[in-house]
Every structure is written in C-alpha cells, then in structure tokens.
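Just below is one structure, and these are the notes that go with it.
Just so it is clear, A, B, C, D and E label the chains in written order, and each chain counts residues from 1 on its own.
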Amino acid sequence: MFAYIVRRLALMLVTLFGISVIIFVLLRVVPGNIVDILFDAAGFVDQADKANLEKELGLSQPIAVQYMQWIGGLLRGDLGYSYVSEKPALQEILPRIPITARLAGLALLFSASIGIPLGVISAVHQGTRLDYALRVVSLSGLSLPSFWLGLLILMASVSMFGTMPIFNPNPATWTEALAIYAVPAMAVGFRSAALTMRITRSSMLEILRQDYIRTARAKGASETAVNYHHALKNAILPVITVIGIEAAFLIGGLIVTETVFNIPGVARFLVEALRWRDYPIVQNLVMLIAVVVVVANFTVDMLYAAIDPRIRYTD
Amino acid sequence: MPAEETVLDVKNLQTVFFTNSGLFKAVDDVSFSVRRGETLAIVGESGCGKSVTALSVMRLVPDPPGRIVGGSVTLEGTDLLDLDDAAMRAIRGNRISMIFQEPMTSLNPVMRIGDQITEAVRLHRNTTRKEAWAKAVEMLRLVRIPEPERRATEYPHQLSGGMRQRAMIAMALACRPALLIADEPTTALDVTIQAQILALIVELQKELGTGLILITHDLGVVAQTAQRVIVMYAGKKVEEATVEALFENPRHPYTRGLMASMPAVIALGSKNDARLVEIPGMVPSLTNLPAGCAFAPRCGLAVDRCRAEYPPLQDWGDHHFAACWRAAETAAPL
Amino acid sequence: GEPKQGGILKVYHRDSPASASIHEEATFSVNGPFMAVFNNLVMYKQDVKQNSLESIVPDLAESWAWVNGGKTLNFKLRQGVKWHDGKPFTSADVKCTFDMLMGKSEQKFRKNPRKSWYNQVADITPNGDFEVAFNLKRPQPALLALLASGYTPVYPCHVSPGDMRTKPIGTGPFKFVEFKANESIKITRNPDYWKKGLPHLDGIEYTIITNRSTAILAFIAGKFDMTFPTEVSIPLLKDVKTQAPNAVCVVEPVNVSTNIIVNSSSPPFDNLDIRRAMALALDRKAFISIMFQGQADIGGTMLPAPGGLWAMPKEMLESIPGYGPDINANRETARKLMEKAGYGPEKRLAVKIATRNIPIYRDPAVILIDQLKGIYIDGELDVVETANWFSKVARKDYSLGLNLTGNAVDDPDQSFYENYSCGSERNYTNYCNKDIEKLIDQQSQEADAAKRKKLVWEIDKKLQEDVARPIVYHSRAGSCWQPYVKGITIMVNSSYNGYRYEDVWMDK
Amino acid sequence: MAVINYDSELRRAGAHATHGWRRLAFLGQRYLLGTIGLFIMLTFVWVAAAADLICRFDPLSVDSAHRLAAPSAQHWLGTDSFGRDVWSRIVHGARISLAVGIGSTALGSSIGVLVGLVSGYLSGWVDLVFQRVTDILQALPLLVLALVMTAALGPSLPNVILAIAIPLIPTVSRVIRANTLALRELQFVEAAKSIGMSETRIAIRHVLPNTLAPLIVLATAQLGSTILTEASLSFLGLGIPEPYPSWGRMLSESAAEYVRTAPWLVIFPGIAISLAVFGTNLFGDALRDILDPRQRG
Amino acid sequence: MTDARPLLEVTDLVKHYAVRGGILRRRVGTVHAVDGVSFSVGVGETLGMVGESGCGKSTVARSVLRLVEPTSGSIRLNGVDVTHLGKADMRPHRRSMQIVFQDPFASLNPRMTAGDIVGEPLSVHGLASGRQKQERVAELFQQVGLRPDQMNNYPHQFSGGQRQRICIARALSLGPSLIVCDEPVSALDVSIQAQVINLLIDLQRKHGFSYLFIAHDLAVVAHISHRVAVMYLGRIVEVAEKSELFANPRHPYTQALLSSVPVADPKMKRLKPLIDGDVPSPINPPSGCAFHTRCRYVMDRCKVERPVLAEAGTRHQVACFLNAGTGREAEIALSTSSRP
C-alpha cells in the first residue's frame, strides 16, 4: 500500500509537470501579454516603454529561462509577483482559497446529499411517474446554463426579498454567512447533483440486476435492506468516481458562479488573471487547481479501495 | 410415503415472460413434489425452464418481465403463491433456501462472508450479532471450510470458486430449511471440486433431512445424487421417474436421445472416431412453439399426431410419467 | 440641508483597475476611486457641471498667473500641506511630478500615456519651497485646463512610482487603505486634510463587480449607495427606475466619441470617394436610437453642445457630407461615388470591420455593417481581443475599425493633438495634413476664446470632410445614487475630473 | 391469482412490434422521454437546415424603427435592441449551436477515439504516454482550457469549436481505451489474429466498429454539454462572436440589460438552449438504454 | 496412424505471464501458466488435453498458434520451427493451423455477417475474392452443415451450435492441417454437443486433419481423442493412448480426475472425491511436484523434487515418483462402462 502511494505520488508529479509545461507554453502562445493590456487603457502602445516594461517583468528572457525561473521559485515556495497588483502571488492567491474551498465543499455536499438519495429513489421506482419526474428534474438541471441559473436566483431574490446574497468578507450573522455561500453553492451544485443522481440511478439499476441481489432476496431480506444495504454500497462506487471527476468540472462551474455572484474566489480570479495575462497568477492557479484535481482523484481511488475490498493497491 | 412427509408440492405451475419477442412460456404446467430428505433432480437443456421453475418456487421471478400465471406452490401446507410479500420473506432463507449457479457473482462483493451468513441468520432467528456470527462460523466449519474463523472475516474475492460455493451452501443451510434448491451448483466448477461439492450437499442433506431440488443438465450428476428425476423440455415436464427407472428405461424420445448423445466417460472399447448419436435440429425457442409436441420436429419417432396434439403426461407404472404418444413403443430398454 | 458628517459611501466599481497610479493609467476606472486621494495644482470646481477655464479653482496652488507673454505659468503653492505619510508638501514635489511626466527625471513611469500634454512645456522651475513656474516653448493657454484634470494630480517626490501603483500617497481628502485586485478598493477619511472640516464621509468603499447585471441588481437591492459613475446604460436605467424608484439618476454626456478609423494608406479606403461614400452612408440617428434609445449626441470631433464648449453650430455641422438630415439623398450620393469607384450591385466591396470584443465597440460595428450594405459594401465583423487590438491597429492591419475615443478634458488641444497631429501615438489612422497641423498649432496659441472657437470649428469640419476618422456619435451614460447621497455632481463634458468627493455627504 | 390480460402485457413488452415501423413506434412509446428528446433534436436540426425558409427576416439586418418590439404577428418572438427579429436569430442560432455542438463533439470524439484506440490497442509506452496526456488534459479544468484556447486563437466559430473539442478528448479516449482493452481480450479479435490479420486491420475492422455504441451514447451526452459550454464562454465574453447569432451570447448579453424591459430577449434564447440540451440529454438517455443491453430495465 | 511423422512438435514450452499491478504496471509476480510442456501431434491424430481450469490448456493452444509469444521452448510445425518467425514469415504458416474457441458467442464479431466472417481469412491471405470467394464460402457453409442462404445473417441470428459451425468453417477456410480446438463444445447444450463432435470427427475422416483437442469434460476428450494428455498447473503430468490412460491411469491426479467424473449410472453411486482442497495458484506453484498439496500418496520427496515425465509403459508417460518403475501402483477401481 505504501509503495503504491509513493508510486501514485510520482505519477502525480509527472502529471503536474506536464500541466506546468502546457499552461506555461499555452500562455505564451496566446497573443498579447500583460504589457499590451497595461497599455490598452492608454489608447496606444509606446514601444520603448513596452520594451522596458517587458524587461522589468522578465518577459524578454527566453521562454526556457522563464520556465526554469518559475519552477525554481515554485520549488522554493516563491510563486513570484503578480504583474497586476505587484504583490507576491502567494499573498494574492492564499486568501481566496478558503472562499472557493467553502463554495466547492458546499456544492459537493449539496450534490451528494441530494443526488444520491434521489438517484436511489428513482432507480428503485424505475418506470414509475416518480422516476420520470425525478429524471426530468435532473435533466433540467443539466440543461440550464449555470450563469443563467445564477442570475435567475439573484433576480428572484431581489424581487421577492428585496435583497440578495452578495459576497461580504466579514458576514455579520451566520445566516448571512450561510446565504452568501450556500446560495451560489446551490447554483453550481444543482448541475452536479443532477449528474450524481443520474449516475446513482443507472449504477443502482445495474447493481439491482446482479446475482448477489437475488441472493439477498433469497435470504429473505426486505426491499429496503436490499436497496440500501446490499445495492447502494456497491452502486456508490461509480458515483464516487464521478464526484471525483466532477472536481475538475466544478472549477468551470465556479468560474461562472463566482462571476455572477461576485465572489472573490480563485476561480474568477483565474479568469481575471487570464484576461490580464498575469502569468504568475494564472500559472500558479492552474497548478493549484491541478493539484486539487489530482489529489481529488487520488482520494477517490483511496475511497474506492476503502469501500471495495476487491481493490487493494498492494503493489 | 405418508403425505405429511411431502415438503413441497408444486401443481400445474405456469410462469411466463412477456418480452418484446413474444410470450415465453418458460414453465408450462409443471407439477412435482419433494419429500423430506429426498433429492429431486430437474434435468434439461439450457433454456428449458429449470431455473425459472426454481425461481417460481422462491417467488423470485423478475417481474417484469416474468409472472407466475397459474398453479400452486405448497410448502409444508401453505400455498406460497397466496402469501403477501412480508410472509414470503419470512419463508425465504428460512424454510426454503437456494444456491445459485454462479458462485462467483452470487455473493455480495463488498460484504464479508461472515456478515452475509450472519445476515441470513439474523433475518430469521432472534439472535444477537455475536451469536449469529458464531453460528456463521459454525456453518462454515460444517461445509468444511478450513480456518472458518479467518475465512468469515474475508471478502468473497479472497475465496476460490469452490469455497465460495461452500459459503453459499453454508448461508443457505444456516436456518435449516425444509427445502434446498440447488440450481446447477457445480456447473462453474472443476470436476474435482464438483465432486467435493456434490458430496457435501448430499451429506448435509442427509444429516439435516432437507428436501433437495437439484437442477443440472449433467445426467452423470443426476445418476450420482438424485432419487427422482424430472426431465424438462421447452418449459414442460416431459418425463418423471425414479433415477433407476429413468436410466434403465427412459420413455421419452428426448430423454433417450440425451442419454445416447452423451459420450461414455470411458470408452474403452469404442473407436475413437465413432460418431455419437445426435439429436438433430436445435432446441426450440419458447415462443412459437409448435402446436403439438415441442420435441416432434427433432424426434425420429414423430408421427402426425405428435405434430398436432400435445401428448399428456401418462403414468407408465411405478410413478414413471412420460409425455409421449409413442411412449408405449419406447418401453424397451436401450 | 447642512452636510452631515460620517458614514462610509459604498459604491460598486465596474472593473479592477490595473493600478492605483493615475499618471500611469488612462481610464476613469482609476480616477474614480483614486482622485480623492490626491490634489492637483488647480482643479475644476467640483460642483460645476461643465468644465471650462472659468470653472478652474485653486487646489494645492493658492493662485496662478500667466506671465512672459503667455510663455510662463506661475503658481503660488499652499503652505502647511502634508502628505498622508506626514511629510510636508513643497514645490519639489510639483517639479518631480511634472519632470517625471515629461520623462526628464531619473525615475520613470512604467507607462506615461499623457506625456504629449506637456509637449509645449520646456521646464519647471521651483522658486523657493512654495512657488513654481512652468516655462513653455510657446504660449498654450489650454495648459491650465489640462492641469485641472483629474488626470493631473501632484505626486510626492519621496515615493517611488512603483509604490504609487500599489500604495498611493497623496495630500487629498481621503487616504488609501487597500486595493484588492478584482475585489475592492477602500479609502478612508484623511483627518489631517488641509481643507478644514472636509471631507464629510468617513470613507469610501468600492466593491469591484464586473458583471453588470449583478452590479445593478445589487444597487437595486440597496447594497450600494451609488453606482459607478456613468456606468448605467440607458436600458438599465429604465430597470433601476422601475425597481428602485427613489434612486436619483442622471444621464449626461461622457465626452467619449465612437468613431470609425479608416485605413487610408491602403486600398480600398485610400480612395477618398469611397471614404466619402462611407461617411455619407452613416445614419447617425439610427445608431443613437439603437444604442441609446435616442439619448446621445451627434457632432464632430469636439463634444456637441450643450455639454461641450467647442461644438460647431448646427448649420455648419449639417453642411458636412453625411451629417445632412436627408439620409436617403446622402446614400444616393454615396452609391454614385461607389459606382464611380467601380463598385455596384453586381460588384460589391467586401471589407473587414475590426473592433474590440466588447459590446460598446461591437454593437455599433454591427449597425455600421448593416448601414454599409446599402452602398454596395459588405462588411464582415472582425472582433479582436483587447490584448491584440492596439498592435493590430499599429500594424495597420485593418480596413475599417470601430473605435472609442475618450477625452479627458473638453479642450481642442487635448483632442486634436492626441488624435490628429502627425506622429501622435493615438493618431491611429496616421492622418497627417500639414495645413491642419498648422491650424491646430494656431488655435492652441490663441488666447482669444472666440477666435479660437472659430479656428476649432474650421479644423473640426475639415477633419470630417477628409473622412480621417468619422465620428459617429458622442455617448451619454447614466449614474444613479440613493436619495440620501448628497453632493455628487456628474460633469457634462468630461468623465475624468469629478471624483474628489470631499464634499459628498450622506443624509442618513 | 389475479386475472392476467396476456395481450396487454405483451403489448407493453413490445411483442407486437418486432420489426420496422411498428418496432420504432413501440420503442417510441417505451422510451417516451427519449422520443420527445429525439423529436426536439430533429426539430432543431430541421430548423437549422430550413432556417432560410422559415424566417421572414434577415437575422443580421438592423432596423432602428422596430427595436425592442414585443412579440407580435409581425415579429413572432419580438425584436432585439437592434430591431433584429428574435425568431430569425434563434432559428439561425440553431445552426451555430448545432455547428458548435456537432462540430466540437465530432472533433473531440474522433481525436478521442483515435487516441483511445491507439492507446488501448498498442499498450506499452504509447499507451503510457497517451494516458499521461489524458491525465494532464483531465486535470486542466475544461473551461480554463477553453478560455485559454479562445484567447489564444481568437474568438471565431472554428476556434470556439476547437477549444470546446479539446477538453472532450480525455473522456472519450478513456472510454474507448477501456472498451478497446476489453475488446482486445475477446476471442473474435484473437480469431482475427489467428488468421494472420494485421494489427491495424484488426483495430479498424474488428475493434473500432464495436466501440461505436458506447461512443454514440457518449457523444449524445456531450452534445448538450458543448452547447452549454459555448453559452458559458459567451457569458465570459469568449464565445462565438458577432455577427453570428449564438444563443449563448443572445442570452448572456440581453440578460444584463433587458431581462425586465424586454424579457422576450432573454426568455426565448434561454428556452432554446435549455430545450436543445434537454432534448439531446433525453435522447442520449434513451439511446443508452437501447444500445447498452446491460442498461435495459 | 499415430505412428506417422508428427505434424506439430512442442518442446519445453514455457509461458510466463507477468502479473502487473498499479498504474506503472510493474511486474509484481509471475503466472507460471505453462511451465515446460512437450508433446507432439501426428498427422491425422487427435491429441486430447484435459486439466482443471487455469492449468494452462488455453495458453498452450494460444502459444502453438503464436497468439501469445512463448517465453521459451520451441514449436515446430511440419518440421519448421515457427517459434521465432516474424509476423510476415508466420503468415504462410498460419494457413496450416487454425483455432476454434470455446465461446462461439465471443469469437464472432457481432457486427459482421457470417459470410464475411468465414470469407475474411480468404481475403486476408488473398486466396479468393468476389464471386470466387462467395462460392468458396458457400461451399464451406455446406461442409459444416449450414445453409448458404444464411451467409448474410449476423451471428446473433444463429444458435450456439450453428455459431460454433461458423467458427469451424472459418477455421477450415484456409485449408489447415492442424486445428486447435480450445473447449469447442463446453458452451453448447448437451444435445448440440454431439452434433459438433460428430462434425469434427467427420471432417477429420474426410480431410485427415490433426486436432489438438482441449476440454475439461473427460467424456468428450475420451470420445474424440487418440491420445490424451493430462495437465496440472502448467505441466503435463501424464500422457498416453486413450485406452491405456483410461484403463490404467498412473498419476494420482489422473486417477482423482477420473474418479470425480459423475458416472451416468445410478447403480454406481461412488461420489467419493479422491482429492480435496483447491488447485494452488499458478503465481506461487508449490515446490517439487505441484500436485503434492492434494495428493493422497504424497511422499517427502515429492515436496522438494519435481518428477519428470517418464515412460511408464507402452507409449505411456507419467510424471510421478510412484510410477518410476518400481513404485507401488496406485490402486483405483474404475467402472468400465457407464452406459445403462
């Protein structure tokens, strides 16, 4: 098991290295850099000033050198300075992490706590009206553009309650705190709840056809015991995988939701930084996200092994 | 034998499947009974309705598409088909148990063996978890699993096929059922393991006095284990006899064909290139069965009547039933 | 009533400015929050809606005087003024600031977008700690107008330009607290402000909300005391009015012109006929009706009246080809011109119309394409990312471009020099006409306001006739605040100069 | 024992419809939701194909006199702020959405299939490299990748399609690879080998056709999500640029300004997007049930 | 006829599979699937091969056809060593040997018509095309008892026995001299099984094929083979003429195997398994004689030393110390006939 984990970590490093190269090169392939954008507002580009600025920011060095500098710094824990704010990138990124983490956590919680039970219900009542209704609801969750859902929530909230949950770094009451996180989390979570529900459903249907379910029935186990005790534990495995994969997709949802709800989390920050071609921020944020995704996948694998005794990472 | 000795009495059982390719009469008017301590074998080719018969007795036919549409299944005096679900659950695993064909997939992969047996015990016996666990270990020992304490804490994938099938048997017998149904319990196993498992089942059955329905397509297995045999063809019972009578004097042409087409185990004298007696044609689909005898298209003895009218089961003496218009002519030993 | 003291004014900000350094930036996204941190030498009186030489009042300079035949501008500086970090303000700071703007000092701005404003300044000479003289190469009366802009704060000598980008130090009514990119900007009352009793507010908090719908919804929901100035579009204004009927909203010109940059250095627009035809095809009213539901202005380079000081009279304007009221007649002429150039219904001219991928650029381009259809021109939109726009323009990699030009100060010196003088960086079309150049210099030196106006009209008209950079319209925009917010003045001929906010207060 | 109506039971099981149209009609009934989905999809395809026939207005033609007109007999779904007919724009938008949906799904799927097939079939180091690449693509958030791509390539229809297609590759290639690995073990592949068939030919003739069913299921599922991704990109300002009437942009830009004053500008594109995605999802679901025998209930 | 020159000679065939684990797929163990197997098949001869599941029968079959690369050993076909031939060099030899698999459901591509499946080898080897191919396929169909009009049907439209016929037709299409049958009837119904066996016998009679016939059903093997090899855990433990083997099984495993077969005669109830315990894992095969963990006659020697296959009678080879000439004969009562 230990050896396995070590090996997995090694592979993670390979993946992360690949991502670092891709994002680094990709960013430099994108036409226009921070300097172009800084000059944008000025309404012209002063070539001499531009060259100076590029030199100052280290952009005139060869790409390989820039890459080595970035990675070298990264290994020392130095993420460089944001081109825009001129503050240490770490200082810019760090305070935004808990915000997004809370949002993502709540969204996943929402998705699991709604999606899994509904999926089971839908599978158990397969072919009934309840099943149809639940499937239609879940599909509509997958059919709404998330920014649209977010805006609808905001508009409904303003016209119904005269107020809306807008981000506030120091919420006064816990209800406010809940509102500013839970409402956007629900807006993102809806999609993944729908997805979770569908996966749970089809996985349950698959499992319910298995021989050991018949064995459980032959023992005289009640339907509830069959569904929740025997079937769900097996059916949950693909669901976990999907939730793990969703971690990467969630970032996409968060970008939109953080924009709509104006939440200063890492996801929106990433897009802003991208708009500014603020390489140190983009690069490091992408790496951060990649680490999260890779770790999430690893966690999923571990969870999988914990639930399914057939999987033992013994090598 | 006195009537109360009868554990299970199935009368005119009819189970159908409504599928998109039509109506499958998987079990068509099948009757049989099993006495305490007796082994009844059901033989027949793949798809002839053996498993569905067993599942009908357990009332585990998947619905949809299957449905028991007629007959009665009387277990120790109660008609199972009249029971509500809760009452049926109380009987399943308690009075009737079943061992399935596939030992590899019939155990829940994410539950420990011990827990799965414990569950069976606790569903029907009012015991503590600890007592039930002890019972589970005891059952594992009974089915000759070495180191039962350790094995009980293992998961199915850690056991070999033979051991899994033994665990299934332990689970099925945990509540000392009056009737055990074994649906091809050894098909997936090797010959040497098969011999072990069959010997075990027969031994335990004797010990516990359980009635046993053994489903198989292997006539050798039948000969070695059963007292009585019913032969099924295309959902119908075509012959029923004691095992000796059947092997000595099969009356239905299908049974005869079956026996003849089996290569002899040790064909000392036979030439290696001797052709086998084959039954021509193929097993009919259960939809679109011919009007008369389902075997008629493959039967060398078939006459016009066979193709027009289904032959009723007739007693040819000594509880030897066969459904063939020409059974009288086939009475001579092979 | 009497101004009340206290309260934090909450405003949303339309986007995250690149830095806090006004001198290095060229957008009112920076002026908005940071002008209040600084003082100028002189400034436009904050409660007068129309900026003009007459509305200029002393700020850090107690007084000023033109001497030496209009070639020297002397300032007497206020004494006892302290920077927010406690250091005293002196004439050295003024010299530092302007030397740096002229690119003469050791320390350099990263970007210096308004360097050309000081083209006529030879040097700056302090005279003791509290007097300073601007020595000009030739008279330029409009210099004062430039110095009064929100774009011209005085920076401290002892703070590096880099620090000014992140932690600006000023002498103004509010002190910088923090600037979290994409999140918020906070400034707080300067208790030691040299204007006693000011400012009224305890502080101002800008929350950066880039998504307009969210921002407006939040304002409607009462989360903000004020919208970002001039950021409410006409359709949204309707929304605000219905949902927050108490809010005070105004719509004013912002002195930003939407114009078409024409690449006259390569075919087909090197042909004046085709340029003229294009100008004639424009239906400016339709643009305004679509983009602003009618609420915008038609004019030349200079901001139209009544907001603008330098607009041509109506008759003169309508005499310019394409400005006449009879659109159909104009288009008929245009078609003739096109046919003359060899085009027609059978042989249509295909052009790409480059513009930035932002609605305020893209939308008029869409209308333009539609209008050009009528004169045998098939336009295709070529949307360009912000980062690539100026390099594309500089490469002359376009035929037609749709562009917005913001004018910080309603003064011909600013707009003509920046956009039309030969060799100016912002003269995208490289329009270079020696006659016009001469006229521009002439008006710049003209001290007589009436004479100068005539010259300006003449220049403006010529520019339009040459179709160098046809002006389509001058936009207006809305600003809203809650009724209890007092002392806000939205200026009518500039959106860069009115954010000192020292006398804003809240009636709460 | 309850009386059983054999006929109706059989009808429910579809026994009366084994072939041709009747079978289709039965499947339509059995998978009612899927039929609705198919109907929606076909409608959109038809609308896209016949766009020029069913609109009376040029979707790009500006009309300042009839701007923001409410839905009426003249303009069925009203007009936008440019006076462009919303119905025409939505109808032509179907083309864009279909182009984006089908284009990116097809592109992503075909690259994914190639990668998955090669990786699953060749195993060894090729597989290892391909898998690492998929890992990498998977750990890069989809929207971020699309954002960088559109930024890099500029916002045009083909570029948006490409940007949306690339993130699809890892999912497709994973599924195909898993399938290929499973198929490779199947005896008919071995049988092909035993007659001396070349590996490439085996891959193309025997393995590829058998991955088709899961691929189709996957592709329909992704069709919907690509349309949504385009909408999200539009919302973030990087979708299909003007003048193409993209539903995503119609929705996201109008939402800001006109949701109250001219709700038809928001409602109809919103409905179009949701319906299209909903339709493909419904259909995809049913398709999965029909094509994947294990899923059959 | 078994005295004829050998068509296939397999010498010391070894096939080890690496057990790989984890993502890096490192070798974490070795499956000794086939661990030194030698045998030969004469022209027109049928060599039966029996053994429990996992003992390496299929691996032998697949190695012979070079569907897996043997770890070591040699395979000679018609006197030519084909063990190390490259893909191209192997192609002509592929025509001489063909395989029929156990599962007729899995061995036919569900998306090809029966005719295409049978005709494919012809086009791969460029033997026939177009009309000619059609005719040849039709002929093959007839040969295996299928109607030529079924050529356009898809595999799912055939029954199990018919599918196995398609497989056989495919194998026949190249005119092989050796057909490897890897459990060709295990998946078939009892009454169909006889049809396929008869077909194989008929074909052999007609064309003089050699068969390597693998099955776990002793009765079937006994019926069709001339000689029978018994495998246990990757090795052949006994090989002899059929009649010799069944009359006089020498290896305790062969004896156990024979005794485990349920005899279809109710008068002979003798279901007393001679061995118990499970087959050991081929990843860690027991030391010495692999069978010693289950053997009734196990001696100390068996645990450390591996007996080699040695002549123990006329054309009868056994790998057991008991039979090394002097040892005590394993006693066992076997029924001679099972037919009622």
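Quick note on the criterion: a contact is a pair of C-beta atoms (placed from the backbone, for glycine too) under 8 Å apart; a residue touches a chain by one contact, two chains touch by 3 or more.
Here the structure is a predicted model, which is why all the values come from computation and not from measurement.
Participant: Which neighbours does chain B have in common with chain C?
Facilitator: A, D
Participant: Comparing the two chain pairs, does B-E have more C-beta contacts than B-D, or is it the other way round?
Facilitator: Per the contact counts, B-E leads.
Participant: Which whole number of Å gives the spacing of the CA centres of chain A and chain D?
Facilitator: Result: the chain centres lie 23 Å from each other.
Participant: Could you put a whole-Å number on the gap between the CA centroids of chain A and chain C?
Facilitator: Distance between chain centres, rounded to whole Å: 41 Å.
Participant: Quick check: how many Å separate the C-alpha centres of chain A and chain E?
Facilitator: Those two chain centres are 54 Å apart.
Participant: So which bits of chain C are touching at least two other chains?
Facilitator: Within chain C, residues 211, 213, 243, 385, 387-388 contact more than one other chain.
Participant: Scan chain A for residues touching two or more other chains and write them down.
Facilitator: Those would be 11, 30-31, 151, 155, 259.
Participant: What residues on chain E touch chain B, complex-wise?
Facilitator: By the definition above, chain E touches chain B via 46, 52-53, 159, 161-162, 189-195, 197-198, 201-202, 204-205, 216, 218-220, 222-226, 242-243, 246-247, 256-273, 275-276, 278-279, 334-340.
Participant: Name, in rising order, each residue of chain D that touches chain C in their complex.
Facilitator: Against chain C, chain D makes touches at 60-62, 64, 67, 81-83, 151, 154-155, 237-238, 241-243, 253, 255-262.
Participant: Applying the document's contact rule, which stretches of chain A touch chain D when the two form their complex?
Facilitator: By the definition above, chain A touches chain D via 11, 14-16, 18-19, 22-23, 26-27, 29-31, 126-127, 132, 135-136, 139-140, 142-148, 151, 155, 198, 202, 205-206, 209, 245, 248-249, 251-252, 255-256, 259, 270-271, 274, 286, 289-290, 293-294, 297.
Participant: Residues of chain A touching chain B in their complex?
Facilitator: My answer: residues 210-212, 214-222, 230, 233-234, 307-310.
Participant: Would you tell me which residues of chain B are touching chain E in their complex?
Facilitator: Residue positions touching the partner: 45-46, 144, 160, 162-163, 190-196, 198-199, 202, 217-226, 243-244, 247-248, 257-259, 261-268, 270, 272-280, 282-283, 333-334.
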